[in-house]
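In this document, chain identifiers A, B and C correspond to the written order of the chains, with residue numbering beginning at 1 in each.
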């Protein structure tokens, strides 16, 4: 059963948006409304996330990222506006929140802190059991999910989650959400606190989930470097509003805009912008180290030959 | 040459010694750190970084070898409090190291433990908060501060003890980029203006790249000890130690392979940009 | 929901009452509580009510904040009143209203009003303490007051340190609880449905991570405290100094005098 086949039809979404698995329309969220502590976390956000997309949501701390993504699976309801997930409008009373939570898996920051069972296998089984699946299906999903995160079910299944390393615990937590077979996986800072190798392992897994399981991925991060490398589209939040929503390359060629908001541009973009400002005509829409090396080497070679020609002309 | 601040000699640490669960966390580690140095200690998870950090202010004692702070042996009981006063430690989780629910009371916690007279504590607390630019938030409860602010309060709490050295034990790992910058800027400023020795344990390579010197731990042993410029030219060796190059060093490495002879050891973006522009004849 | 509870009731102001030594306020509150139980008649309560109202005025507290503090116990006050009125059992009293098994007598109403007023004064005067004294001051005051009892084995410093740490960590743990609840709900946990047994079972996925994290925090905090030279209360000084001033003298005198007056005036006649 592929996640795509498992997901239901969504008659309520207009045909033009038929591919939007999550649609926010003018969503605002106010905490402690009507009290002196009232604070607006999200303001007038409209956003569509299509099936199979890989979207990065970035913004400084306090920009409303975490609040926004909690609307995606009904953990928070909008103060105003509408959120439609898989055809289910969440502002309606009696909306099928369970169905929404099945469609959108949400992984919080430091998800290993939610592990509680005696064994890894039982912890991963928590979600599927809550779905009311029979034991055979549950077991099958546990095995499937642990394999997806690169943990051998035979070896890790019977162990206590609390005996694992930080990176392994995090992967168990991810498996716990994957075992619910969501069509969309929202990851809030999935690499926070890991060493470079642990980070790479997690991000590689996420990439292959997208490629092999066709799961829609929403990656929430403040590290621009990871987002630039992985996501096709970037949504930048600033003070609760969408400041930028663009394909990744376009987003980082607007580096000045990002700096104004107080966001770091990826280091690679930073380097290219500095070179350009210094008079070296490199393109600034390169995102990975390899791309940047190519671009700089190419420009310098062209520059070197161009320089000779100039001298020749004179 | 003046005596070094920290002397680590053949340090070995075994957790749960003489039991079935015995784990060798450090094996024959030796190095010294001079007064006023900024040293980064890097290594993958489980390389022994935090164990090493805890030896520097006698939170752990050597199974073998010796650690001395300003000549004081950490294994000698009478030196314990003087060593902890001289070497402060900022820990990873900003939430789990502040003790009281008012910022300035927390900063006072250390000197209070030493029995410093109240008027003197007041002076030290005010100076410490000013040094990390937290004076305006002195009466806040810590749980309403950002991660970077909490870590700065923790730094102030150590400064109030008038230390010679501050160890940052992955103190930026749980912070956002803005918080990481706040904390590292505070550290650098303390070193430059007050001559406080900084030991930064980290797995953020860009952070390490700004140190005077980097120690690399691997499986409990000291694998490398070199200045960043030299260290980050050894890409292959670092990868074998489960470590990454900073991105600037990766680009420089890639360019050299493509025949663009960028000066070796450019480890920061700004420096690398300058080097490339110089090579292209644009500056 | 939890947040209001935890922030405590403290309302910062720069008033006469706020400026008093916490020890004065703690002792005055204790004295008032004792007096309340010694007073046996309405005139005494009149005197006490006047003192409480004067203290509120001298604390510059918004009257709404004080009344809001009373809201949770309003139910209790009304309930005690009604219980006294209907079930007080004054067989020989003046009957005001009678119907079936319930008989309302003049003495019953009087008794009910008596208990209700007693409760109101009790709660107002103690909440005045927490409204005008920061939790840190309160802790500090308690530690100093208990210090003389160390010789008989009262761990004054340890108690105060425990209170300090609790004050510091309760908000953190509440945030954490909310986060874990949300994380388990995202995995399909049903926390609000089912019978009592099912609900208790549903708490396990919340409580286990919460305990694990609380122990981890405790470990890390202990290490951080040790690193900052903590070695118990012996030889410790405090930055914050409590000072017993003229205001405290005045307050202590007033409370003593008014309390004595109330007891004398409120004798059971």
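Quick notes
Definition applied: a contact is a pair of C-beta atoms (placed from the backbone, for glycine too) under 8 Å apart; a residue touches a chain by one contact, two chains touch by 3 or more.
Since the structure is predicted, the reported quantities are computational estimates derived from the model, not experimental observations.
Taken together, the touching pairs cover every possible pairing of the chains. Set side by side, the interfaces B-C and A-C show unequal numbers of C-beta pairs in contact, with more at B-C.
For the pair chain A and chain B, the distance between C-alpha centroids works out to 31 Å. As a whole-number value, the distance joining the C-alpha centres of chain B and chain C reads 44 Å.
Centre-to-centre separation of chain A and chain C, using mean CA positions: 46 Å. Taken together, the chain C residues at the contact with chain B in this complex read 134-136, 164-165, 167-168, 171-172, 175, 216-217, 220-221, 223-231, 235-241.
Of all the residues in chain C, the ones that touch chain A in their complex are 176, 179-180, 182-190, 204-205, 208-209, 212-213. Within the complex formed with chain C, the chain A residues making contact are 70, 73, 75, 98, 101-102, 105-108, 111, 113-116, 126-127, 130-131, 162, 176-177, 180.
Chain B meets chain A in the complex at residues 44-46, 92, 146-147, 173-174, 176-179, 203, 205-206, 242-244, 247-248, 250-251, 254-255, 258-260, 269-270, 272-274, 276-277, 279-283.
Against chain B, the residues of chain A that register as touching in their complex are 60-61, 165-167, 192-198, 222-223, 225, 262, 264, 267-268, 270-271, 274-275, 278-280, 289-290, 292-293, 296-297, 300, 303-304, 307.
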